[in-house]
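After this come two complexes, each holding chain A, first together with chain B and then together with chain C.
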Partner chain A sequence: MRASLPRVSVIGLTALAVFLPLGLIFYQSMLNAPFFMPNKTIGAGAFEFIFADSDFWDSFKNSLVIAGGMVLIAVPLGGILAFLMVRTDLPGRRWIEPLLLIPVFVSPMVLAFGYVVSAGPVGFYSVWAKQILGGVPWNVYSLTSIAIIAGLTHVPHVYLYSSSALKSLGSDVEEAARMTGSSPFQVARDVSLPMVTPSLLYSGVLVFFLGFEIFGLPLVLGDPEGHLVLATYLYKLTNKLGTPSYHLMAAVAVCIVAVTFPLVMLQRHLLKNAGKYVTVKGKAGRQRPLPLGQWRWVAAAIVALWLFLTIIVPLSGIALRAFVSQWGEGIKLSEVLTLDHFRTVFEQPTLVRGIVNTVLIGVVGGALAVACYTAVGLTTHRRNDGWARFVDYLVLVPRAVPGLLAGLAFLWVFLFFPPLAPLRGTIFSVWLAYTVVWLAYGMRLVSSSLLQVGPELEEAARSVGATRGQVNRHVTLPLIRFGLLASWLLVFMIFEREYSTGVYLLGPGTEVIGSLLVSLWSTGGADMVAALSLINVVLVAAGLTIALRFGVNLHD
Partner chain B sequence: MTKLAVQDLHLSYGDNAILKGVSMALQQGEVVSLLGPSGSGKTTLLRAVAGLEVPLRGVIQIEDKPVFDGSKNFEVAAEKRNLGLVFQSYALWPHKTVFDNVAYGLKLRSVPSGEIKQRVDNALQNLGLGHLGDRLPHQLSGGQQQRVAIARALVYNPPVILMDEPLSNLDAKLREEARAWLRELILKMQLSALVVTHDQNEAMAMSDRILLLNNGVIEQQGTPEEMYGRPQTLFAADFMGSNNKIEGTVSEVRNGATLLAGPGWSLWGESRGGAKASGSKATAMIRLERVRVAEGPGENRVKLPLVTSMYLGDKWEYLFHLGEMRLRAYGRESLSTGEQWLEIPKNDLWVF
Partner chain C sequence: MKHIRKAMLGSLLTLVISAPLLAQAQVPAGYPANYADTIAAAKKEGKVVIYSTTDTASANPLIKDFQSLYPGISVEYNDMNSTELYNRFISERAAGGGSADVLWSSSMDLQIKLVNDGSALAYASPELPHVPNWAVWKNEAFGTTYEPIAIVYNKRLLSGDEIPQSHADMMRVFTQKAEKVKGKVTTYDIEKSGVGFMLITQDSKHNPAFWDFVKALGAAGPRFQSSSGTMMERISSGENVLGFNIFSSYALLRAKKDPSIGVVYPKDYTLVMSRVMFASKGAKNPNAAKLWVDYILSKRGQTIVANQAELGSIRADVEGDQTLAGLTKTLGATLKPIPVGPELLSFLDQTKRLEFLKHWQQAIKGSK
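For the complex of A and B:
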C-alpha cells in the first residue's frame, strides 16, 4: 500500500484543480451579488435577472442555430471528405492531408479576423469582387455566414474521427461488396458509411458541443450586426452593469455547463460504441483505392473549393493585412506595403511579453502539462478500481467547461483565496487554467501511449520483483517516451492556439497572444491584431511542421 | 467449357514481383486449388482474377470473355466481373442481417423483391442456415458465418466461385467436417471453384486439380494423385505429405535408378528430375508411410539406432538417426530402443 500515497495525492490534487473553480462558479451563481461584496446573500436573483433579459434568450437561440448549422454542414462534408481521402484515388491526397489540420490548430480568433479582412465589407476579396462583379454578393456578418464559416472550419473534426474509423475498417467488407457487384458509390453508401455511422454520430455530437461553446468567431463576426451567442453574451456581461457582475456571469456559466455537461456524457457513451465495427486485422491487405472515374475531378474541385474557403481566404487575408498600412477601394497594393505593424509590436513591451509568454507556455508549460497528464494517466493505468473510475469521469468534467468560463473561474479562485493571490499576476495562473481546460485532451494522448505498452512487459517486471512505482519508472515510462514527446508537441500547438481561457486572466505579466488578440480586437487595433495573428500562425505552423517532419500521429 | 483462363500473368508490388508468368484454366464443374507456401502468390492470383489487384501484363478470361488484357490496357472493374468471392475473414457486413448480407447482390442486380426472398431463403436452406436469416453476423458461430459468406457468394449464380482459405478460420475439428461438407456442396451444385489454401490435405480432399505455386510461378499442376504420387521436383515432393529427406553422394546410375550413398549406408532410388553424374551430391525423399521396419537385412535395408517411439493414437512414430540426419517412420507397435532394420523401398525413394 506504500505506492498508493503518491497515487492518492495526484488524484486529490487533480480533483482540487477541477472542482474548486467549478464549485466557485456554482457558489457564485447562487449569490445575489459578487462574492467579494459584503452585502451578498444566497438567492436566485442572478438567474432571475438573466432569464428576464431578452438578450440572453436571443443568444441562446443563436447558439442553437449556429451549433445546429455546424452539424448540418460539417458532418456530411467531413464524412464525404474522409471517404474520398481514405478510400478513393482523389488527386492530391498526400498534400491535402496536412492542410486539413490547419483549421484544427489555428486559433478561431485568428480565422475570424482573417474572414473580416478578406471578406468583410472592405476586405481584400470583397474589394476584388466589387471590381469584377460590381458588388459584394456576401455578408460575413450575418448569422447564416457565421454558421457556415463555423461549419466549414469544423469539417476537419468530423474528418479526423470518421477517417480513423474508415482506416481501421477492414477493407475486406468493401471488397466483398464490390465482388457482389457494387459500384464505388454504392460501396460508400451501403457499406462504408453505415459502418462508420457510430463515429459520424459521435463527431456530430462533438461538433454540436463545440458549436455551443465557440467564442472567437461570433465575437469577431457577430459584433458588427449585434449577433450574440452564449459565450459572447457572457463576455459582454462584464461591463453590463458597470460593476463586475460576477453573479450574473456565473449564472450564465451554469446555464452553459447545464447544456455542455450532458453533451460530454453523451460523447463518452457514443465513443464507447464508435469502435463497434472496427476490426484491427493482423494482416493489413494492400488496399487498392476505389477508382472515381469521371467523378475524380468533380470531387477534387469540391475539396479544392473547401480548402480555398476555409484556409486560403482567411490566412491569405491575415498575411496581406499584416503588411499593408491600410486597405480599401482604389488603393494600390504596392503603395501600402509596410513593416510598420511588426515594428510597433516589437516596440510595445506588453506585446513582446505576450509573444515570449506564448512561446514559454507552449514549450515549458506544454512539457509540464504533459508531465501532469502522465502522472494522472499512471494513476489509472492497468487499474480498474473505484479510484480509476473516478479519475475517468474527473478528467471529463473540465471538457464541459468552455475555456472562457474556466479562465473566469480560475480568476475567482485566485481572488477568493488570499494565499493564492500572489500567483494571479504570474504566468503560472494562465498555465494552470490551460492545463485544466485541456485535461481531457491531454489524458487521451497520454493514455493512448500507455495502452500501447504490452501488459506482459509490465507483468514481467513485477514478477521479477519491481514495485508498481519501479515498473512505471523502469519499464512503462521509458517505453512511452516517444509518445510523450509527440504529446508535448500537440499540447504545444494547442497552447499556442488557445485564446479564450486567458481572457479573464489577462493582466501585466500574464499576457499571451490569444488573450491579447481578444483585448486588442475590442479596442479596435486591427494593425496589431493582424501582426500578432500572423506571428501566432507562424508559431503553430512551426509546431505542425515539426510534427509532420517526425511523423507524429496528429490524431489518435 | 472453360470458365476461367489465365495466361502469362505478371504482377508486382513496386519492385517486388509476386506473380512471374502464371497460366491456368478452370473447366465447368471443376474445383482447382491454388496451393503453396505463404508468399508464393496464390492469394494474389485469386485477387487478380477477382479484379482486386491489377496485374502488369497477361490475360484473364471469364467464360471466354476477357476481363483483363495487359497488352490492350483493358480491365473490367471488380464489380462488373460477376464473380463470387468467399473471403478468408468472411467479411460479412456487421450492420446487415444474414438475410440482407445474402440478398445484397440480388438487390444490386435489380431482382424483384419477391424473387429475392425466395432465392435467399433457398440459398440459406441449401446451406443449412434456414432459421438464421434475421440474425446479425456477430450472433453466429464461426462455422455459420462461413456458410453465410458462401451463400452470399453463390446466390446470384456467378460463373466461378473464388474462395480464399475458406476453412482456415475454423478450428481444427470443425475444419475436417466443413471440408467434407464443402466438397459435397460443390458437387451437388456443380460449382466451378478456384480455392486458395496452404493446407495440402485440404487441397487434395477438395479439388479435382491442384496448382502448386512457388515463388510466383506454377511448380507443378495435376490431379491430387499425380501431385502426391508423381511429384516432378523436390519442392513439389517435399510440399505434399510428410517426408524424410536423405542427403548423400551419387555413386552409380543405372536404368533410371540411382545409388545414393553416405558414410556406412547406400540405397537405391528412382531417378527424378534429370540424370545425376556419379560423385555429385543429391537429395532423396521418401514419404514417412513408405518407410517400413523390417526383421533383418535385405535389399535396400539399413540398420539404424532408434532414438524414441512416439504414440500418436492410431499409430506409433519412430525416430531414427542416420549419421547427422533424422529418419522417421510409422509402425503399429512400440519398439524397444536399440538397432533396428529399416526397409526403404526402391520405388518410393525419389532421388532429385
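For the complex of A and C:
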C-alpha cells in the first residue's frame, strides 16, 4: 500500500522528535566537551572517566539494589492487593480503589519530601514514636528505606496490570479451591496469581525498569547519607567538575539506556505474548467475590497498613509542613501554624507562573498531546506494513531515556535547531519534551481505544467509497471520543506529576511546579516546596476526582 | 529610502521624548559629564536583561528603585541557580541567540571563569573608587555584596560551650561534645554545590589545621546537603544541630522569623563572599547594562542592598550592621574577604579539583 502524505509526515515528525534529542545525547557522550564548544574533540574520555569513578559503580550497584528490592516488594504486594480487590469481599473496596492510584499520580519528589517531614529523624511521626517507644526505630535515609519506600509506592503499577488480568478471568476455579478447604491465602498463591503470571511478570519488568531510572526519591532521601543512584549521580555530575560536564552526563545516560532499552523491548515481548498464556479460562464473565471469612480483617489490615505507609504518612507530612513555620523536636505545632508559605508563593511571580503553566500544560498541553498521540495512533491503525512496525518500535524509544536527560537534550534541540529556537523560552518547549517522554504511555491509552472500534464499521465506510481520511474523521474518531477524553484526563494527571523532564528546561516562562520543586529543593526553599507540593497534590486530586466522576476506567 | 526616513523619524522622536526624561534622570554627582550620553543610549535600548542567582524577592527593591531612577528602562530579571546561570549563558552565546546583558552570581569562581574566557565588557565604572580593591578584577568583574560566612546552630538544642565560636572550636565540639552533635553536623556537599566547594577551598587556605579539621568532621558523622536552605531547614527542625559555611545573609534572614536559628561568626577567621557582577561583552543593551552595574555599586543602590535586599553592602560609606563598614567595626581583622580575581580559577582546573575532592573524601572517611 502506498503511504499517504499526511501519514508519512506524522511518522516523520515523530521520528524527528524522538531521534534528534536522542542522537544529540549519543553524540555528546562521544565528545570531551560540550558539543557546542569550539574546543571539543571526539574520544571515549567521558566513558573512561565515569568507569574509573567509584561513585559511578556505587550508584550502579545502588540502582540495582533499589530496582531489585522494588520488584521483591511491589510484585507480591501488588498481586495480593489485586486479588483482594478484584476477587474477594474485602470491606471498603469501593473507596479504597481510587486511593490505590494516588502514588501513581503524585510526584515522587512530593512523596519523598513528605517522608522527610513525617518520618525523618525528627519528623512528625518520628517524634511521636520517640515519645512512645523512646527511640525512632527506623531511618528513612538508609538505602533499605529508599528501596522499601520505592517498592511500596510502585505497588499500584503491579496492581493495575494484575487486577485487569484478574478481571478477565472467571472465578469458578477459585471457588472450587475454596470449597475444597483452601484458605484465601492459598487460593491467591496457588490458583489466582499463577493464572495471571504473564501480567505479574510484565509488571515486574516494568517496576525493575522504573526502579532503574528512579530520581525524585533518592534525590531527596539519599542526600543526607550520600546514597547515589544512576539518575542522581548524573545530576551530581552537573557540578562535580565545577563547570558543566555534559559529556559525562551524556555518557551516564547512554549507560542507563543500555540497560533500560532491552527492558523496554522485553516488556513489549511479554505484553505481546501475554494473551497466549491465558488458556485455562473459567466460564467467561461469571465472577463472584470470594468470601474471606475470618480472614477479612487480616486482609483489611494489610491494605490499611499499606495505605497508611504509602499515602497517609507522606501526604499528611506535606500538608502539615505547608502550614507551619518550623517543625521538629521540641516544637509545639499549634504555636507555629501559619499561612505565610502560601502568601509567599502567591507573591512570587515565578511561582505563580509555575502554577498557571502547570495547569495549562495539563489541560491544554494534555489535549494537544492526546491529539498528537491520536495522529500517530491512526498511522498504524488497521495496518500491518513496514511503517506500522517502525512506529511500534519508535514510540518505545523515548521510554528508555530518563526524563532528566531527555529534558537536557530538548534544551539543546531548542537552542541549536534553528526552526525551534524562537520557542525556547516558552512553555511549548516543556510541552514537547513531556509529549515525547510520555509517548509510549499515551500511545497505549490511545491505541486501546482504537482497538475497541469494530473493524466492520470502518470497512462499511470504506466500501461506500470513503477515503482513509474520511473514515478517520467521520467514523473512527467520533467513536473513540470518550476514550480520548479519558486519555486526556490521564495525560493531564501524568503531566501535573512530571518533574524531572522540566529540570533543565526551567527558565523564565517555562516554569512548571514539578521542575520548580526540584530547583527549590536544591536551593533550599523548604517552605515553598511544601506549599507548592500541596498545590500540586490538589491539582492531581482534582483531575482524579473528575476522572472518577466521569467513570474513566483507570486500568488503561 | 523609506527605511531610512523611518529610522530618522524614529530617532528624532526618541530625541523629543527623551529630552524631558533626561532632565529627570540627571547624571549622578561625581560622574563624568558624558554620562548623559550613556543614559540617553540606555534609554534608547529600553531594557536590561539580567541573569542572577539573587532571588527576585530580594532583588525587587533594587529593580523598583532603578526603574524610578531611570524611567523608560525596564528590567528583565531572571533568577536561577548558579550552574544554570553559567550553562545558560555559555550555551546561548554558542548558539548565537540573545542572552543576558548583566550576569550576577554568588558562584564567584564561575563568574571569574566567564570573565577570564573573555565574556565581560571592560568598563571602568565611575563608582570604582568606592569599591575595595579586592572586589574588582580588571575593570570587568565587580564584587557587589558583603556576606560573611557563618556557623549556624539550633538554639533549642545547643547552649553554652556546645556552641562553637571558631573553626578551631568546632573541632573541640566535634570531639568533646560528640554525644550532642554526632550525626548532626551539616555542611555543603562539595561535589554537588559549586559554592560549597569554593568555600571549603578557601577554608583550606585560611585554616592552618584544615585537614585535621576535616578528619574531625568526618568522625562527627557529617550530613551533607546541596544548599544552605536544606541545611537550615534541618538545623531548625533539630534533625541536625550545627552547620558551617552558611551565608550569614540567608541565616540572619531566616533567624528573624525562626527563633531556633542561631548565628555565629567564627572568631579565628570569617570568610566573606561577594556576589560578582559583570556586563556581558556581547550585550544587546550595553549602555543599560552599564547603568545597572553603576547603580548597584552606587551609594543609593548599596543602601538598598544592605537594608532591603539584606545582602550586606560592600561600600565603606554605607552604614549598618551587615555592611563592610559595620562588620569591620565588630569583627575587624578576622574578616577574610574572598578576592574577586584569577586565584579563584585554580580549583576549576579539573585535575586539581578532583585531587582535592579525593583528598577530602579520604579525610572524611579516614577516621570513621
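Definition applied: the second predicted complex is superposed on the first by the 524 of 556 C-alpha atoms of A that agree within 3 Å, B and C clash if a C-alpha of one lies under 4 Å from a C-alpha of the other, contacts with A are read in each partner's own complex, and residues count from 1 in each chain.
In this section, a residue touches a chain if its C-beta (ideal position, glycine included) is under 8 Å from a C-beta of that chain, and two chains touch if they have at least 3 such contacts.
Everything numeric here is computed off the predicted structure, so don't read it as measured data.
Once the two complexes are overlaid on the shared chain, A:Val122 sits against chain C while remaining clear of chain B. In the superposed pair of complexes, A:Pro262 makes contact with neither chain B nor chain C. Using the contact criterion defined above for the overlaid structures, shared-chain residue A:Asp172 touches chain B, although it does not reach chain C.
Touch criterion met: A:Gly226 reaches chain C, while chain B stays clear of it. For chain A, the partner with contacts to more residues, out of chain B and chain C, is C.
Contacts of A:Trp327 after superposition on the shared chain: chain C is touched, whereas chain B is not.
In the superposition on chain A, A:Gly12 contacts neither chain B nor chain C.
Shared-chain residue A:Gly43: touches no atom of chain B or chain C. Residues common to the contacts of chain A with chain B and with chain C across the two structures: none. Residues 34, 36-37, 120-122, 223-226, 236, 238-244, 325-331, 344, 347-350, 411-412, 415-416, 421, 424, 506-508, 519, 521-526 of chain A are the ones that touch chain C when the two sit in their complex. Contacts from chain C toward chain A in the complex involve residues 56-57, 76, 78-81, 83-84, 86-88, 90-92, 94-95, 97, 109-110, 113, 156-157, 189, 191-194, 197, 223-234, 236-239, 257-258, 260, 347-348, 350, 353-354, 357.
The touching residues of chain B, counted against chain A in their complex, run 13, 50-54, 77-80, 82-85, 87-89, 91-95, 104-105, 108-109, 152-153, 156.
Touching chain B in their complex are the following residues of chain A: 170, 172-173, 175-183, 186, 190-191, 194-195, 197, 276-277, 279, 281, 286, 288, 291.
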